[in-house]
Structures are given as C-alpha cells and as structure tokens.
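Everything on this sheet refers to the single structure shown next.
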Amino acid sequence: MPLLYPLVLAAALFGIGLYGVLARRNAVLMLLGVELMLNAANLNLVAFDAWFGDKMHSGQVLTLFTIALAAAEIGLGLAIILTLFRALRTVDVDQVGVDR
Amino acid sequence: MNVTEAVFLLFAIVAVVSALLAMTSHQLVHSALWLVVTLGSVAGCFVVMTAEFVAWVQVLVYVGSVVVLVIFALMMTRQPAAGPSAEVTGNRWAAGALGIVAAVGLGATVTAGFRGERIKGQRIGTARSIGDALFHDWVLGFEILSVVLLAALIGAIVISRSGSEH
Amino acid sequence: MIVTALIVPFVIGSLLMLFRGDVPGRLAALLGAAAMATSLVLFAMVWDGPNGVSGEVDTSWIEPLRAHFHIGVTALSWPFLLMTAFLGLLCCIWLVADDTSPAVVGLVLVISASSLGVFASLDLLLLFVFFELALIPMWFLIAWWGAPDDPDGRRRAATRFLLFTVSGSALVLVGIVIVAVQSKSLQIFEVTSGSVVAASLIALGFAVKTPLVPLHTWLPDAHSKAPTVGSVLLAGVFLKLGTYGLLFLDSFMLHDPFGKVAPYLAVAGVVGIVWSALACYAQDDLKRLIAYSSIGHMGFVVLAISTQSVVGVAAAVFGSVVHGLITGLLFFLSGSLKERFGTASMAAIGRGLYTRTPWLAVAFVFAAVASLGLPGLAGFWGELLSLRSAYEVGDVLTKSGAWTLLGFAVLGIALTTAYFVRAIRLIAQGEPVPRDEDRDLGGHEVVVSVALAASILVLGLAPGLIVGLYDHPTVTYHGSYSAVTP
Amino acid sequence: MNIPIDWTVVGPAVIVAGGALIALLVDAFYPRRTWLGSGLPSTIALGLAGLELLRTHEPNDYVFALSFIVLAGTLFVVVASNVMNFENAMPPGEYHFLLLSSAAGALMMVAAHDLVTLIVAFELLSLPSIALVGLRQGDRVAIRSAWTFFLASVVSTAITLMGISLLYGVTGTLDYAGMNHALRTTDLPDSVVAVAVVLTVVGLLFKLGAVPFHVWIPDTYSGSSVMVAGYLSAVSKAAALGAVLILLATALPPARDTWQPLVAIVAALTMTIGNLGALRQRDAIGLLAWSSIAQAGFLLAPAAALFATDGRRAPVQYLAIYVLANLVAFAALAVIVRLRGSTTFEDLTGLARTDPWMGIPLGFALLTLAGFPPAVIGLVTKYVVLRPVIDGGHTWLAVVMALNVMLGLAYYLRLIVVLVDRADGEPYVSPSPPLSVRLAKAMVIVGALGLVVLSAWPDLLLSNLP
Amino acid sequence: MRRHWPYVALTAVLSVAAAAWAIPQLDDDHGTTHVWVRGDALLGVSLATHVDGLAAQVMLLAVGVGLLVQIYSTAYLGHHPRYRSYALIIVLFLIAMLTVVVADDFFVLLVGWEVMGLCSYLLIGHEWQTTEARSGAAKAFLMTRIADLGLLVGILVIGQTYGTYRISEVLAAGPKNSTAIALLLLIAVVGKSAQFPLHTWLPDAMPGPTPITALIHAATMVAAGVYLIARLLPIFEASELAMTLLAIIAAITMLLGALFALAQTDLKRALAWSTVSQLAFMFAALAAGDRDAATNHLLSHGAFKALLFLGCGCLMHAVGSSSLSAMGGLRRSMPVTFGAMTIGFAALAGVVPTAGFFSKDGVLEALHHAADGSGVLPDVLGEIVFYVALATSLVTAAYATRLWLVAFFGDAKEHDEAPQAMIGPVVALAAASLVLSIGQPFHFGIGLLSTIIAAAGIGMVVWAWRAQGNLDIDAPLLARELDLDAPYARWLPALVGSAARLVVAVDRDGVDVYPRSSATIAQFASRGLDLLQSRNVQRYATVIAAGVALLTAAAVIWT
C-alpha cells in the first residue's frame, strides 16, 4: 500500500479539524476539531511506524499516548466548558469573551 | 490496486466525508455522531495498516467514552434559543482558508517527501508486541501519562466543583 | 584612591536620598559639597603624569565574561574627571539653601559619581554600567524637580531625554559586545581590532548623547525643563559622556574602523554648528538658547575627534572641558534668572539687567563672551584647535572636505557671535524697567560664578594646562596612542 | 535497542510527583483544610527533590541548572502562595497537587531525551496549570482564562504532534540522539525536514509565549490568581525554554539552517510585540504579562545562536534572573492584591513610600527586568544574551534587542515612577497582616535581596550556572 | 564726588611703563625680540614680544592718546554712574592694543586684537539705554569679529605653512603661500579698519562716548589694521593679488569716505567718515609698499584725529549735541578749542606746516612712486590710486574747511569753554600735531601739488561760504551714504532671521518627526495589540494557526 494514502488522509483530516476549531461556534465542537487534528497526527505516526517496521514501535506507542492525552484533554476541556456554561449560560465562543 | 488499498481508500473516503459533515453539520448531536464515524473509519485505517491494538484502543477510548462524554456535554450545554444556522462563527472564512492551507501544505509536504514509498504490510501492531514496547522501552512515558491522567481528572473535578459553588 | 573618590559621593548621595526626611537641606548640600570636594582632591592627587594610567585599580569582577573592575586615570580622562568633580562640587554649593531637598543633593551626587565612573572606567562593561547608572537619577531630577510651572512638560522632557539616551546607549551596548566578542576582551587597552559596524554603532549611540544633529531634539526640551543643577550636569557632564565616548571608545579604541565613520560624524558635527547657531538666533527661552548653543560647541568637538589627529584629541578634550565650565556658568546664571523671574524667557525677564542686577548681568556677558570664543578666554582655544585639526586634515578626511567643513564651522562662529550679541542686547542692555524680583547675585551664586569665571579665565590664558597633556613627545596617534597606553 | 529509564534523571520529578499525591492525600484527611496540610508536604517534597538533584547531578550540568530553576521557582511560588485566600476561594490540597504535578512535568520536560517523554511531560506541565488557572472559585474571569489557556494549549499540542509525527517519518525515531544522526544522513528534501522541524519547535514555543503564541498570555495572566500567573511566567516558561534549547541543541543541529533564522525572527517579533503591548497597560499585572512576552523574546534570541560561544549558557543565565525577578514582582503584586484588591497604577501609587518593604523590592525587580543599574545583574544578563547573538552573526537581532531594551524601559520606568510617586490622599497603611501574608512578603524581600546581592556580585551567578 | 585719580594713575603708570619700553627702541629698525614663556609644541603659543621702531611709535601713540583720553574723560564722563567700568575698560583696551603691537606670536596678537574688539563693543554700548548705541555696538562687534575670522584662519594657514606662530620667525623665513595668507589677513584688516566694503560700522559706532571715539575709532584700534599690514608687509608684498586688492580697496574707500564726510550734517559722523578716508590713505601707502609713509600718516593722523574728536567732544559738551546745526559761531566763546581744532582741521586738510601735510606728502610720494613701476602694484593701478588720492585731498580739504567754518563761524553763540581737564588734552594733541612735523621728509613737487590742491579745496568752500552764506550740501545719495549699509543693516539680518525661523520650524516639525512619529507608531501598535486581545479564543487560535502557517512557509522558502 502506498505510504501516501494514510499521509494524505491525515493532511485532510488535519485541515478539516483546524477548520472546525476555527469556525465552530459551539465550544464542545471546537474540541472535536482538536480531536480530529490529533487523529491526523496519529494516522501519520502509525503509517510511518508501519512503513519503518519500527522495532520499538515508537509511532504506535506515541499514538496510544496521544489517545490517552486526548482523553485527558477532553475531560479537562469538558469540565471547563461545563463550568463556563454554568457561569455564563453559554458555550458560544463569540459570547464567552464578552463582559456582561 | 489490491484489496487492502481499496479497503483503505474506502475508509479514507468515509473518514473525510464524515469529518466534513461533523465539522459542518448544524445539528450538534449529528456532528458528534458523524465524528464517531470518522474516528471509526480511522480505526479501520489502523487495522488496514495492521496496527490492530491501536485500532482497538481508538475504538474503546474514543467511540466508547470520549464521544459519550461529548454527547452528554452537548446535551448539558444546550442553549434553548440557539438557532440551527448559527453553528459557525464569522471566523469561518479565515478558518476555511487556513484549513485548506494546512491540508494542502501538509499534503504537498508528504507528497514531496514520501511519494512512491510503500508500506510492506508486515504485522506490526499486535497487542503483545505493543505491550512489550510499552512496558519495556516506553515505561517512563507511561508513568508520566498516568500522572497526567490523574492530574487532569482532579483538575476536571476541582474545576467543576468551583463552578458549582458559584 | 580612585575607588574612594567614587565611593564617597555614591555613599553620601545614597544616604541623602534614603534619609531625605531627616537631614536639613543646607547641611545636605554642604555634605554633598564636601563629598565632591573630596572626590575632586583625590582625582587631582592621583595624577602622575600623562604617560600610562594613574591610580590604576584592576580586580576581577565577572570572571566568566572576563569583565574586570578596572579603573584608572589616563591623559584622556583626567580633565574630564576634574571638570565633572568640579561641576558636581559647584552644583552642591549652588544648592546650599534651607529649602533644598536632600534628595536633590543625593541625585546630584549619584549622577556626578556615575559620570566620574564612566570617565574612570577602563573596562567596557563597567563603563557601560556607570553610563546607565546616571540616567534614571537624571530622569527624576528633571521630572520631579524641573520647571515648577509645568509638571507634564518636565515629565515629558525627562522621558524624552531618557528614551533618546537609552536608545543611544543600547546601540553602544551592541557595539561594545561586538568589540568584546571580536577581541575576546573587555579591557579597553587590550582591544586590538574592531569592525566598522561596531564603530558605527558606538558612534551612533554616543552621537545621540553628544548630541549631533539630527539626533538632538531631546536636548532643548530637557534643558528648558530641568532644574538649574540638572541643566548644568546635563550640559556640563552628560554631553561629555558622549564626546568622551566618541573620543575614547571610537577614535582611540577602534582607531582604524572609526576612520570609515568619522567623515559622516564630522559632517554632522559641522551641520550642527550652523544649524544650532541659527536655531539659537530665534530662541526666546534662555535655557533653550544655551542648550542649542551646546549642540554647536559639541559640533566643534566632534569635528575635532573626526580628524583623528593629536591636535584633534587636544581640541576635543579642551573643548569638552571648557564647554562644561562655560555652559555650566551660563546655566547657573540662567537658573538664577529663572529663580528670580520664574521664567527663562528673555522677553519676560525684560531689558536692562546691567542696572537691575549688575553683577549677574556682567557675569552673564562674561560667560556669553567666553562662549562665543573670544580669544583670551577658554572657549576660544577649543574652537581654534578644532579648526586647526580640520585645517591640518588629519588621517581620515579629505583635504577639500575638511576645508569645506572648516568654512562652515567658521560661519558657525560668526553666527554664534550674532546670537549672543542678540541675547545680551535683549536682556543686559536696554532701557531698564525695574521689577520687584530684581536681586543681584547672592552668596552661593557669587561663589559659583567666581569659581567658574576664574577657571575660564585661567584656562583661557594658560590653555597649555590641558593641551600640554597631549604635548608629550611620545604622542603618536597612528594606531596606538602611546601617551595613554600603560 | 532499548531506552533504559535513567532514574537519576527523573528522581527529582518522581519526588515532586509523589509530593503532589501526598499533599493531596494529607489535605483530604486533614481536618481543617488549611495551607499546612498541603503546603508543608509540598515544601518538603520540593526540598527533598532539590537534595536529590544535588545528589545525582553535577552542578555544572545543563539539566541541573534548568531543574534547579524549576524547583526553586516552584518553591518560591509555593511559599508565596500563602498570600492567597485559601480559606475561601482556593482549595489548598488541590492547588498544591496541581502545582506540584505541573512542576513534575516541568522537570520531566527538561530531562526528556525523546519526543514521547517530551510531549507527555509537556501535557503534564500544561493540564494541571490550566486547571490552576481555572481554580479560583466563583470567578467567571478565571474560568474564561482557563478556557483561553486550554484551547490555545490543545491547538498548539496538536500542531506539535503533527510536527512530531512528520519528524518521526523523516528520521524513523523519536529519540534525540537518533534523530540527530538520522537528520544528518537523510536524503529527504529539505523542505520536508523544514516543515517537520518548524511544526515541532513552534508548538513548543506556545508555553514560552513567543509570537504568535502570545495571544493567550495577557488574558490568562490577568484572569488567574497572581501567583499562578507568576508560576506560568516563570517556571512553565523555564521548562519550555529548557526543553526547546535541549531539543534544538541535541536533536536538531543538522537542521540548524532551517530553524536558526526562524528563531531569530520569532525572538525579534516576540520582544517587540511584547514591549509594544505593554506600553499602554495601566495595570501592573497586565504590564507584567506583556513584559513576560517581551522577555521571552530575549530568552529565545540566544537560541538563534546556540552554537556560538556561550550560546547555550546565555539563555539559562538570563532565565535564572528573569525567573527570580519576575517571581519577586508577581509575589509583591499578589500581596498587594490581597491587601488592596487590585493592582492598577492608581492602587500602586506611592507604594515605595507607604510600604517600602514591598515597593522597593518590586521596583528593584522591575529595574532588573528592564536591565538598568543599580540592578546591575539585569544589565549584565542582557549583555550575556547579546554576546552569543553577535557571535552568531545576528547583528541585526542584537540591534533589535538593544532597541527593545529602550522600549522596555519606557514602561518599566512608568511603573517604577508610580511606585515612588507621592500618593494622593491618605497613605494606605496595611493592617497588621496575617502570618501567611508575611511569609509572602518575606519571599519578596528575600528574592529582592538575592537580586541585590547578585547585582553587587554578578560573578556568583555567572560562574555557577553552566 | 567720585574719585577719578586712581584710574588716571593706573593709565599713567601703564603709559609710562610702555613709554619706557618703547622709547629706547624708537630707532631700532630690526627690533628686539624677547620670549617670555616658550610655548609647548602642540599648541605652539608662546608669549613673545618684538618691539622695533614701528612698534615703539605706535605704542607711544596708543599710550599717549590713551592717557590724554583718560584725563579728558574725568571731566567729560566723570559724573556718569558707570564711570568706573568705563575707565577700567579703557585700561583693558590699552593693554590689548599694546599686546597687538608688541606681540611676536600670532595668537597673542589675536588675543589683543579681539579683546580690543570686545572693548570697542562694550564702550560703544556704554549708553546702552539708547537704541543707537545698542545697535551700533552690536554692528561694530559683529562686523569686526566676522572679519577677524579671516585673521583666525589666516593664522591657521600661517602655522601650517611655516610651522611656527612666531611673527619674527615667519618673517625671517621669507614669504610662502603668501597670497592665501595675505588675503585672509586682509579680510580682518578691512573689517577692523573699516575699509570698503566693511566700512559701515565705524560711522554707526559714533553713539559711543566721544573720548572713546577719539581713542579707539580714530587713533588706535582702527589703526591696528594698518599696523598689522605694516608689520607683515613682506608677506603682502609677495602677493601681487593682495596688494592690488588692497590698493583698490584703499582707493574706493578714501574717496567714498571723503565724499560722505563732505555731505554729513553731524560733526562727529563727518569725522568718522574722515577717519575711514584717512585710513584708506595709509593703506594706499602700504599698497605702494611704503611702510614709513603709512606709519607716519598713522601717527600724525592719530594725533590730529584724536584732537578733532576730543575737540568735537568739547563742542558737544558745550552745545549738547554733535549736530552741525546746533553749532556755529563758537569761535569766540570757546577760543582754546577753536585754536586747537583749527590746527586739527589744517592737518586734516594737509596745510603746511602741520604734521598732516608732511605725512600726506609722504603718502602721495609713495603713490607717485608706485605709478613708476617700482612697487608691486601694476603701473596703471598705481597711477589711478595716485589720482584718486589727489582727488580725495581736494575733497578732504573741502570738508575740513566746511566743518571748520560751520562749527566756528557764523552767528556767534554763547557757550562756556570746556573744563581744564578737557582742554588740556586737546591742547596737548594740537601741539603734537605740529611737533610731529619736525624732521619729516619733504618732497617738493608733490608737496607743491598737494598744497595747491588743498588750497583749491579750501578756496572753493570759502568761496561758497561767502557766496551763499551756508554750506548745506544737497546730495541725498551721498547723505544716504549710497545705501552701502543696506546689506548689513537690512538684508543680512533678514536673511539670518528667516533662516533661523526656518531652522526652528524644521527642527520642530521636520527633524523632530522621527521621535514623535515613532512614539505615535508605538502607541498605535500598542492599541492595535490591545484590540487584538479580543478575548475571543477562536480569534486567538486563528492567529496561532496563521502564524504557524507563515513561519512554516518562511522556513520552506528559506531552505
């Protein structure tokens, strides 16, 4: 299988995720954009790992770590978003920054 | 083109389309669900690349827990007045431009660097081999990661509690 | 000995600032005067001839940077040191009054001591530290004790002064670092080579301080808003930091690369002579006028430095020192006027000071005449030597260029005469309209004026006192200036 | 091939992390939730970590110096944090747990020798500090700041991870030494290497607050507790800088032609933009926030000349003084926030007169940051960072730095003048403060004394750091 | 009563000392050089004196007139509130003049030269309450000082050319680079001696006290220019250009000065123009290369012009004004003054046997010689100058007679004779004007010619006086002095003034733009950065992403 397939897919996902982060109004969905970006990185890592046949499995290990980190980030992020919502009654990024 | 490649391309197309839908859908919950599809397809890609263990973790962690969390969060923060069309901000043109720049840029980079290379398809990602690597070579990272998870957990709890006292 | 001479004013100055509430103003000023007098005497005593370094102290300071606490008195710095200590002493005497704030005396001491430190430093980093040390006290001196009627203006002027100077010193710092990196030493006498970039940066930095046109716009503002002692120190000492820097760090230390920069400096200096003279001609505020005139005098000094000749060195040192004395006197006197009339505007002060305050007027005319370079008074020799250095061309300028500059400088002298004659006409002469504030020179003012006038006269009649320092047979200026190398 | 865990490297970090857990547990079971329950264990843990560091490391070691700065900075923050109103707004156990976890992450970051450890340690540094920012209870500004910080952080992490994945593809390893070797022999196009390197490095600059990652700093600093802001500006920056320096110096030297000019540009932009932003601030914390951006530029500048003479030592020496001075300033402001409720210039007017033990140290710290005598050490460290920059041939960068010193003085001096100015109206006399506030004050004074001693004797610092 | 004698005594002591120094040297053609303080190598200034016959004569003239003026002033200005400073400045002036005369070092000479200028400035401005005195003083100082810069630069050139600043060494070394040096010195001399085109300051210096005019602006300071050229004549003679220029200037000045003197309605101003004209005579003699003729005329002119000015002071003392219209018929009421001034006017007009006749005779002879081609000057020029001098003699005789007639004849007016202290010096100078003619050389042909011309001039005026009863001259252009002062009085100040205003404006609005605009830009940027802090996380993320994209692109393009 050409190495380019997963790499190009990763590039596309990264771009889409970035778009999501920068464009979605809902804070939770911005987080989902970040998840997509992380997944893109993961795809790269696994693809390169498979390409190299890395004995240490660096790519896959880092992928696993990234998935865990993403979970931790999501956990913390959602906690922040929920608190934000309770404090401001909104998760609209345009509204969060406005002093009321 | 062999079967592996076809399967991979299928997963890839599904992933991209569902990612686009997830990032553009006006229904919040739909977005989350489309994301599940994307993440699942990525897991499929992992499988095609023989990284089975990673794929399973992906499915378990993401599809199993993260997305559930997200859907709950979406429910809890649902704003009654928000119209369906207002799900993207005025920043979307810049976002679109940057997204395309990122995708094209990265695509061009990898094309320049790795065109013509092929993945040979030996089995790389069995649970056993990954486990060996994890607990042999990468145990330090693993340990730190556990502290990270603990800290994030406690941080999340503390922050939620701080909000509740408001 | 030098260390004591530096520490005494620093310590007394800092103590006065700390215990500003507990010391009577008069006592504070007397203490300050005693400190500066000690410093002056010590610096005078430490001298042992123009060859080598007198009273050298060299101990390790920051080992990894090879920075030393290296101070000493050279033939180049000795006149500057004495002049600075002398002016500091006179400033303290000037402040002998009951309503003087001890903090002002403290600031004067710290500023003077830092400047002494600059002149005494033989290590580049140490020199720079002293250079910067004086700036913030000067800010406070201008911004807090400056023109009482214009709190915003004096603050603005002080900040302007500070930012200009710091921009300049920042460039100097870069230059110093380049020199230090290239010659792997911070000791001025060990610097063997340097790049044109370093020389230009240092020159540019000190040009702000000197100041050269068009980097001068901070000066009139700062002077017109500064208190009397502030103006005196600014003109008498601070501008000399610039010329000393150009002379010592550029012309001496980076002798060869400076040759590439010198022509531009010379042009700027001469443009400054004419430019400032014209600006003076249209001034009403006496302190602004004197400030602009300083730019002109510094132009002569820079022209002399740019020729890179022995005569140029003598001219630069003599011109700088004498400008300190003359302009110091002018600023003291205009301070007296401002104290009396609340303004330094010549129109507001009114005419006929010859009868209203005769001795003040006579002192002012004396200072003005000295400043316009009347032969027989000190101001003349600096200009003369400067012109001579330009005529002799030196190493770096072309003959036609130098002579053109000479012509413009001569034109500047003529204009200088014109604006001082105008100033004398406007305030000293004319039908007097007596005012209640008319009061002739008082006790400490007389002491200061007489001291300065006497020194101007002495240096005017015996310029060899300073010029003789560079008259040694071993003086050669090509590459090594052996009169000051140890 | 095997990467053994070097326990001597991670020892201090393990102690700190353990201390964090103990602090959390003691606090949970201690009857009255006061600072003693968690603060004391934290202090002890940091002390022990310091001892361990001394035991296992050569004093001239690069990692030692960075770890020492991190530990000392964290200790300073822990002690000075007493000024915070733990009884009401801040749960002390969690606070100390998060602080120490983050510090453990910082220690790991500078000790990391592979990108996996680096990224995980980076997250360990980030996530608890994000929680710390949002920890101030019942404060919507705090949670908003946490949100800002969080999002900026995760985006940067994602970018870095992308970079790491590409770097992995380029070199086939995530180990610094291996990468160095692989980069030297790679036959991939330079542009691919460039993209990988830039994405990796640039994401790390986020912590440092370098342009364009500075945007979160002003909001976050002014929204969080003052000492947390101090921690972010000092310890977290120290760790990020250390990690970047080590990464650049050990893993990426073959690609230096790519990143050196880039780092130089980023440094120049960072200091300029930071200083410009600070010009208009009327609040001391806002001012320090922008100034810390500017200082990041100064920290980063010598990284552009990492291989020049003293190119690796200079940033660490600058960092040490920056951390100390910045922490003194933030601690003083924390005390002021506690006593007066705000740190606007109006509130600070005349502080050096009404409360000289606060105002003068604060002023001295600001002078140090500005690099002006009598704070000679500030000037000397400015000189120290200029040296490699010039030796490395970036004279233009040196000139930019020098002019930024001028720009910096413009606002530092304004705050200093505010401090020594005569206060209008009644001078504020602080009521006899509680012990906790006195502790923080003591830290301020001790820190400032340290700066004074170093000013009198710069050799002490410069000879003892690597 | 103010005590005057200390100042007179001081002057007397100075005079006696100078005389004691000078008299033994009167016949010393080579001069005696004495180095008091040897200069250092770098500065090259040594305190050295050189006194020869020429210097001795000028010294005696200076101290003699100075002492007389000091005595005269006790009465003339003795009650002035600022008498003390006045008298002291005279002493300072005398010292400066002596310095110029005896100096053997160019810098010492320059010091004296400029201190004289300063004293002149201070004394002209003695009555500084009046506008005329203020502006007259300023003008005199500015014009002479600007001209002095020529001397300054000239000295630099001399030093560089000869390697020494000692006058005797320079002269001994023979002429080198002399055109440049001579031209530069000429500028200073023209300014100091009020020659065309820098002649306008002298008449405007007349608001100064009259004794000062007699001392400084007739006998000594303005004569210092003549002395300087006389002293350095070998250098000038080596440059045909300088000599030609000198001759032309002298020719123009002598005729113009005489014509302006003729048209004046103010006695003092007329005498001032007369001084200008007579100084030009001396320069003409120098241009002809005859040092002795010039010095002789310098001495006799010093005596009789001082006499005339002091006499004019007596008249002013009596009538309270120097305007000719206020005078007339003073012959009877002020007989001593009349007698003395008659001698003075006779000397001015060149009537036998006054010193003026003989010295003018010498000058004319020298010019006559120059036309023969024996001098440096081109023949034609020598001839022209000679005829101009003759014409000037005619005009001189005419205006001298006119002034004499208008002041002393006509309707008698009653006024008191001046006090003893004023009359004494006048009489002494009158005696000197006669005594100085003893032993003077005499050239018969020229003497006859000049006597005829003088007689013609006198006769014309007397005839006119008889014919029309008054001597009013209706020549507006001459009365306006050909508007030659306009460049200095109006154009130059206007030029400098507008240049100054321009500079101030440019300084404020042009040069100062860069600091001000950078401050503005910084503030603007600062505000922009503030606005960028929108607290909108998405914008922040956009900034970050865009920044990364740019940096990456930069890196890719770079490598």
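Note that the chains are named A, B, C, D and E in the order they appear, and that numbering of residues resets to 1 at the start of each chain.
Everything that follows uses one rule, which is that a residue touches a chain if its C-beta (ideal position, glycine included) is under 8 Å from a C-beta of that chain, and two chains touch if they have at least 3 such contacts.
None of the values given here were measured: they were computed from a predicted structure.
Trainee: Quickly list, by label, the chains bordering both chain A and chain D.
Mentor: Both-contact set = B, E.
Trainee: By number of C-beta pairs in contact, which chain pair leads?
Mentor: A-B
Trainee: Compute the centre of every chain as the mean of its C-alpha atoms, then state which one is farthest from the centre of chain E.
Mentor: The most remote chain is B.
Trainee: Report the chain closest to the protein's overall CA mean, measuring from each chain's own CA mean.
Mentor: The most central chain, going by mean C-alpha position, is C.
Trainee: Roughly how many whole angstrom separate the Cα centroids of chain A and chain C?
Mentor: Roughly 64 Å, centre to centre.
Trainee: As a quick test, compute the distance in whole Å between the mean CA positions of chain B and chain C.
Mentor: Averaging C-alpha atoms per chain gives centres 70 Å apart.
Trainee: Find the geometric centre of each of chain C and chain E from their Cα atoms only, then give the gap between the two centres in Å, rounded to an integer.
Mentor: 36
Trainee: As a quick test, compute the distance in whole Å between the mean CA positions of chain C and chain D.
Mentor: Measuring from centre to centre gives 43 Å for this pair.
Trainee: Can you list every residue of chain B that touches 2 or more other chains, as numbers and ranges?
Mentor: 89, 91, 94-95, 98, 101-102, 105-106, 109-110, 114, 137-138, 141, 145, 148, 152, 155-156, 159, 162-163, 166
Trainee: For chain C, what residues touch not just one other chain but two or more?
Mentor: 163
Trainee: Give the residues of chain D touching no fewer than two other chains, as numbers and ranges.
Mentor: 1, 3, 116, 120, 123, 127, 130-131, 134, 140, 143-144, 146-147, 151, 155, 159, 162, 166, 169, 191, 195
Trainee: What's the complete list of touching chain pairs for this entry?
Mentor: Pairs flagged as touching, ordered by label: A-B, A-D, A-E, B-D, B-E, C-D, C-E, D-E.
Trainee: Which residues, counting only chain E, touch chain D once they are in their complex?
Mentor: Its residues touching chain D are 522-523, 525-527, 529-530, 532-533, 535, 537, 539-541, 543-548, 551-552, 554-556, 558-559.
Trainee: State the interface residues of chain E toward chain C in the complex, per the touch definition above.
Mentor: 39-43, 45, 107, 110-111, 113-115, 118, 121, 125, 128-129, 134-135, 138, 141-142, 145-146, 149, 152-153, 156-157, 159-160, 496-497, 499-504, 507, 511-512, 514-515
Trainee: Spell out the residues on chain D that touch chain C in their complex, using ranges where they run on.
Mentor: 309, 367, 372-374, 376, 379-380, 382-384, 386-387, 390-391, 395, 398-399, 401-403, 405-406, 409-410, 413, 417, 458-459, 462-463
Trainee: Can you tell me which positions in chain C touch chain E when the two form their complex?
Mentor: 160, 163-164, 213-214, 216-218, 275, 278-283, 310-311, 314, 352, 354, 369, 374-376, 381, 384-385, 387-388, 391-392, 406, 410, 413-415, 417-418, 421-422, 425, 428-432, 463-464, 467-468, 470-471, 473, 475
Trainee: What does chain D use to touch chain A in their complex?
Mentor: Where chain D meets chain A, its residues are 1, 3, 115-116, 119-120, 123, 127, 130-131, 134, 140, 143-144, 146-147, 150-151, 154-155, 157-159, 161-162, 164-166, 168-169, 172-174.
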